[in-house]
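Worksheet: one structure, shown below.
When the chains are written out, they are named A, B and C in that same order, and each has its own residue count from 1.
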Amino acid sequence: MALLRDDRLFPTDDRARPVAEALYASVKSLPILSPHGHTDPRWFAENEPFPDPAQLFVTPDHYVFRMLHSQGVPLEALGVPRVDGGPTETDGRKIWRLFADHYHLFRATPSRLWLDHAFQDVFGFDVRLGPKTADLYYDHIADCLARDDFRPRALFERFGIEAISTTEGALDELKWHRMIRDSGWKGRVITAYRPDSVVDPEFEGFASNVEAFGSLAGVDATTWAGYLEAHRIRRATFKSFGATSTDHGHPTARTENLGTAEAVALFDKALTGRCSPEEADAFRGQMLTEMARMSLEDGLVMQIHPGAMRNHSGPILAAFGRDKGYDVPTRTDYVRALKPLLDAVGERSDLTVILFTLDETAYARELAPLAGVYPALKLGPAWWFYDSVEGMRRYREMTTETAGFYNTVGFNDDTRAFCSIPARHDVARRVDCGYLATLVADGRLDEDEAFEVASDLAYGLAKKAYRL
Amino acid sequence: MALLRDDRLFPTDDRARPVAEALYASVKSLPILSPHGHTDPRWFAENEPFPDPAQLFVTPDHYVFRMLHSQGVPLEALGVPRVDGGPTETDGRKIWRLFADHYHLFRATPSRLWLDHAFQDVFGFDVRLGPKTADLYYDHIADCLARDDFRPRALFERFGIEAISTTEGALDELKWHRMIRDSGWKGRVITAYRPDSVVDPEFEGFASNVEAFGSLAGVDATTWAGYLEAHRIRRATFKSFGATSTDHGHPTARTENLGTAEAVALFDKALTGRCSPEEADAFRGQMLTEMARMSLEDGLVMQIHPGAMRNHSGPILAAFGRDKGYDVPTRTDYVRALKPLLDAVGERSDLTVILFTLDETAYARELAPLAGVYPALKLGPAWWFYDSVEGMRRYREMTTETAGFYNTVGFNDDTRAFCSIPARHDVARRVDCGYLATLVADGRLDEDEAFEVASDLAYGLAKKAYRL
Amino acid sequence: MALLRDDRLFPTDDRARPVAEALYASVKSLPILSPHGHTDPRWFAENEPFPDPAQLFVTPDHYVFRMLHSQGVPLEALGVPRVDGGPTETDGRKIWRLFADHYHLFRATPSRLWLDHAFQDVFGFDVRLGPKTADLYYDHIADCLARDDFRPRALFERFGIEAISTTEGALDELKWHRMIRDSGWKGRVITAYRPDSVVDPEFEGFASNVEAFGSLAGVDATTWAGYLEAHRIRRATFKSFGATSTDHGHPTARTENLGTAEAVALFDKALTGRCSPEEADAFRGQMLTEMARMSLEDGLVMQIHPGAMRNHSGPILAAFGRDKGYDVPTRTDYVRALKPLLDAVGERSDLTVILFTLDETAYARELAPLAGVYPALKLGPAWWFYDSVEGMRRYREMTTETAGFYNTVGFNDDTRAFCSIPARHDVARRVDCGYLATLVADGRLDEDEAFEVASDLAYGLAKKAYRL
């Protein structure tokens, strides 16, 4: 018996299914390019064994703990640390049993596909996780984790990862990346430049962040010119650790293209903490355009990830801090928001700006029409809550007819959960092959073309768009 | 010949179809739980025969008369009463013939499925309604309605209804519910608390409604404390008539959590008719949070049904009054709107707040992410215009991957049309089984799990969520 | 070998597919009604040969050149003329080769279906366009275009067009339509009244446009009464050239129903160029209601095409002018926007107002509920970026259950690309037959009804709605 069927996620009709199988066979073993994500570079730097099963699969995975919490499980019981240092569960086995007791909640979710994939392919299970198998799972995973071939670098190699990008803040000293580089290990782990803490006037400690930023870069970043120069310097440093991209996660997609005097005035207000929310938003918007201009200079690909309302629950933010599964998507406008940036640099075909969304209604209405005409724009893959079977299908169905395949950039796993990486890429490859197979089956695409596109979606587009 | 095929609404491919058939066979005869709807308790209290066919199927059903009207049929010709008491058609047979002449308009609509189901299963027809069969239908239905086994209680039992909830306003004296209780009949017909007339400052006669409300409750409801107490008392009375839920149908999902002084000031303004539209909206929003707090005290499940712009046509409202098929959905924000309520009580797992929407774009973007993390939140089923085959499919496809099945609450028929109840539940069961079968067929769900989920969707989730 | 399979776009399962084939066989040869589009009446007036292949297929088709441009091809290289008269490519063969080199970009887009259809059915190709076949294509198409049976009127007849509407501005003298009429040719080419230049205060030269408008109509159009009278007169002239409709492409769906004094004041402001953007929007909205009133007088069907943000790129607008593929859809509200017009004339069943959208989220939420109740409203087909296989499917899935089939108006090709007309109608017929077949296959529609509906969707509804 198997946890997952070999033919999963393929179309269920006899015309498309054999085509999907053939397409998938042609791409399933392609190397993994993971150009955007949040794995921890320390894993690969230190190459220490992963801790216990609960700390591998439950405590750090917000997809997992948010679902258990939605059914009344306190975050403390899952070992999620409290801001006040108050007691939380530390017994990995207890946490694991709680997880196993609630495993039915994940039916038909992507988490279930990813977890079962890891359970089966990484750990060799062939019985389903549940209350009766909780200890069997815990013991076996714990045993594996103690083995050398389950250390991060070994798994990296086993997963067939050709290159993976982590994401570091502008203030990060890139210590782990330096350690990886110095170690002589051949795995390609690169960084990406994420400047939120120094471009968002509403970020905790913005002014002191900017000061620290200047120190790191060796310039006075408290003047507008020095501040921009500090970005250039830090970007160059990130580039020297392999970065090919920057990443920007603002509440909206707003961009601005202000005159220098206006930009300077905003920057000064931001530094002295006198920005209104509207001005803070304008400053963030201005910085997107500045970043795009710098991308034209240094060739870093720009990623824009807008639209999440972060930390929706006040009580949870107070008790547990940020990133506890309470980020919720909101309606996002792109058409008006991006015009200033696009008027400035959108016609440059030597620039790549990759757009993501948490508002699917923008795919067909806004994003595909924009990416389908502006040389600088590309569409990022289905993101976050849409990194799912149905989410990817809707993505293809709503973007392909207007933007085609070649204004998209392949798959991003965007994950913190290391073991889910091959699972996520596998789901994407299956879903894309299924989509292509349906196009072949109903006469919208020739079969030889489908094979070419399948390979591009799985590998070629990411390599090209992210300049890997 | 049959009006409806036995295998209707199942997937059309050979991998999923047999699974759907097996799943459906396992749930089709489960008792009906109808935890939200608008049937008339008087039917069950008096148990009088239903009047003529037109008054059973046409005149009270806004789905039906709005469709005929959209093609130019005057509402008067369908017997819809005018506000000014002006003449409207009273001849049931004439109305019925008009309906039959336009029956083709309903092709591929849910109304057609519901009507054919009732025609076939309740009245035994095997020829389609149309101009040539209008009289045949009319005569046979009229004959049936005269029989004892077509009276409301007999149909209730025949339909296999385990429990049904009607909806009564806060000022309703619950006379019919009392009569049902006193009758000794075993049918479980319960009420639900709908306080629109006393929580909406823009409701006709708000101030005098509040006064009457106080009288009913035996307190002075014109003070804030007395007003809240009156709610507690009336809620208790509704509970004594079986209510397990409250229902709130505001134009938006806005909630507030004001300090007492501010709430008192708003309440006083509302009572004296000095609320601006913005203040009226804030007061309604405050009352949602107050109702949620009372639900924590008395255990009533809270339902929020936002987003309809009521009575869109001025001329129709003037001539025919409210509820004439002119309620139109609007874009609805949940993320910002619900934050005050959720910050106040969203973490309470002993509270159940069920969210509905008329804006499908919120399913994947807002509602599933919210219900997939807040312990107090659950997702209501596809509602109103989305109580349909495609509507239910989109609902599952857009909510399951993020919220799972167990943050949803089964099916609501929400109907005024008694004969449509078994039809609507049957459609929901078929569509859900078809969805589950597709998950099984493409390897996203194990078959044993699908059977468990099918039963939960048809029966278990509603029983649990509505505390029935 | 064929470029396109005979069974393309049909459902891939064995239950629905044979039904789709039978339905399609019954409608594929019905005459083409093209009640809304942008073909050039000069073609039919002069009946000159079409120029070279690039000027037929590439340079005038914004779907085509926007896609190439999105991948970095300069518009100049495709022969798109510059505003400043600067040099652009004039060698048709060079443009064609560039097109052929990028033909893979169109995989799975509607453009690919339309182009291949024209290549196969109009020009007889059986090998795919690409770098290796570019010259073969160019030479053969060029040869064909020199033949009499490839002149506009010959193609019109070969395409089976029963009637086609072009679109002319209110200031157009209808010279080509006059020439067609005077020629004695029997092809039915009619016009449609598009008054943007004289109803939009923000249109270039609005005041002088209104003056010219008065001259054309023989009245003083600078008074409100004269201006309205000029519209009546021009509409009558357009009617005399076969027009059965008017067309209105505003940025929003806003309507107004102002008192005369207010309307006069706005009009005077507009004439003197003192309208704020908000006032300009109100004036456009007022004019929609005025146009609707005139439609009640003269019987012209009214089309509303809102929601495009035109000419999104400032640099492209400056260099190449309007209509260069940079029109991008935006979120569009219909519910509040249309209320003034609908309160004024929405209950009139002798009026037909056809609504289009570029915001698909409005289909199920707003447009189907509105068209499903207002006698004056009908839904236009899937438009522009949604004139596609997936776009049409979503349109049917999201509108049919609430509005039915009979509140829709059949297909519009809306094209400037003459050779795409039979292709577009063929795609629509195939997709609609596939949709109907699925309804038959899963028991939502009887087969005899499906044949009737298929014919209505392909022909009957357009004929009736557009009064052709």
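To be clear about the criterion, a contact is a pair of C-beta atoms (placed from the backbone, for glycine too) under 8 Å apart; a residue touches a chain by one contact, two chains touch by 3 or more.
Going by UniProt, the chains are A, B, C = Uronate isomerase.
Quick caveat, the model's predicted, so the values are computed rather than measured.
Trainee: Using the contact definition stated above, find the chains touching both subunit A and subunit B.
Mentor: Neighbours common to subunit A and subunit B are C.
Trainee: Answer with same or different: of all residue numbers used at the interface between subunit B and subunit C, are over half used by both copies?
Mentor: Homomeric contact, different residues on each side for the most part.
Trainee: Using Cα averages as centroids, what's the distance between subunit B and subunit C in whole Å?
Mentor: Between these chains, centre-to-centre, one finds 40 Å.
Trainee: Give me the residue numbers in subunit B that touch at least two other chains, ranges are fine.
Mentor: 11, 13-14, 331, 361
Trainee: Which positions of subunit C touch subunit B when the two form their complex?
Mentor: 11, 13-16, 333, 335-336, 339, 342-343, 346-347, 349, 361, 364-366, 368-375, 377, 397-398, 400-407, 438-439, 441-446, 449, 452-453
Trainee: Which part of subunit C faces subunit A closely enough to touch in the complex?
Mentor: 4-5, 7-14, 66-67, 69-72, 104-110, 112-113, 128, 309, 312-316, 325-326, 328-331, 358-361, 385-386, 388-391
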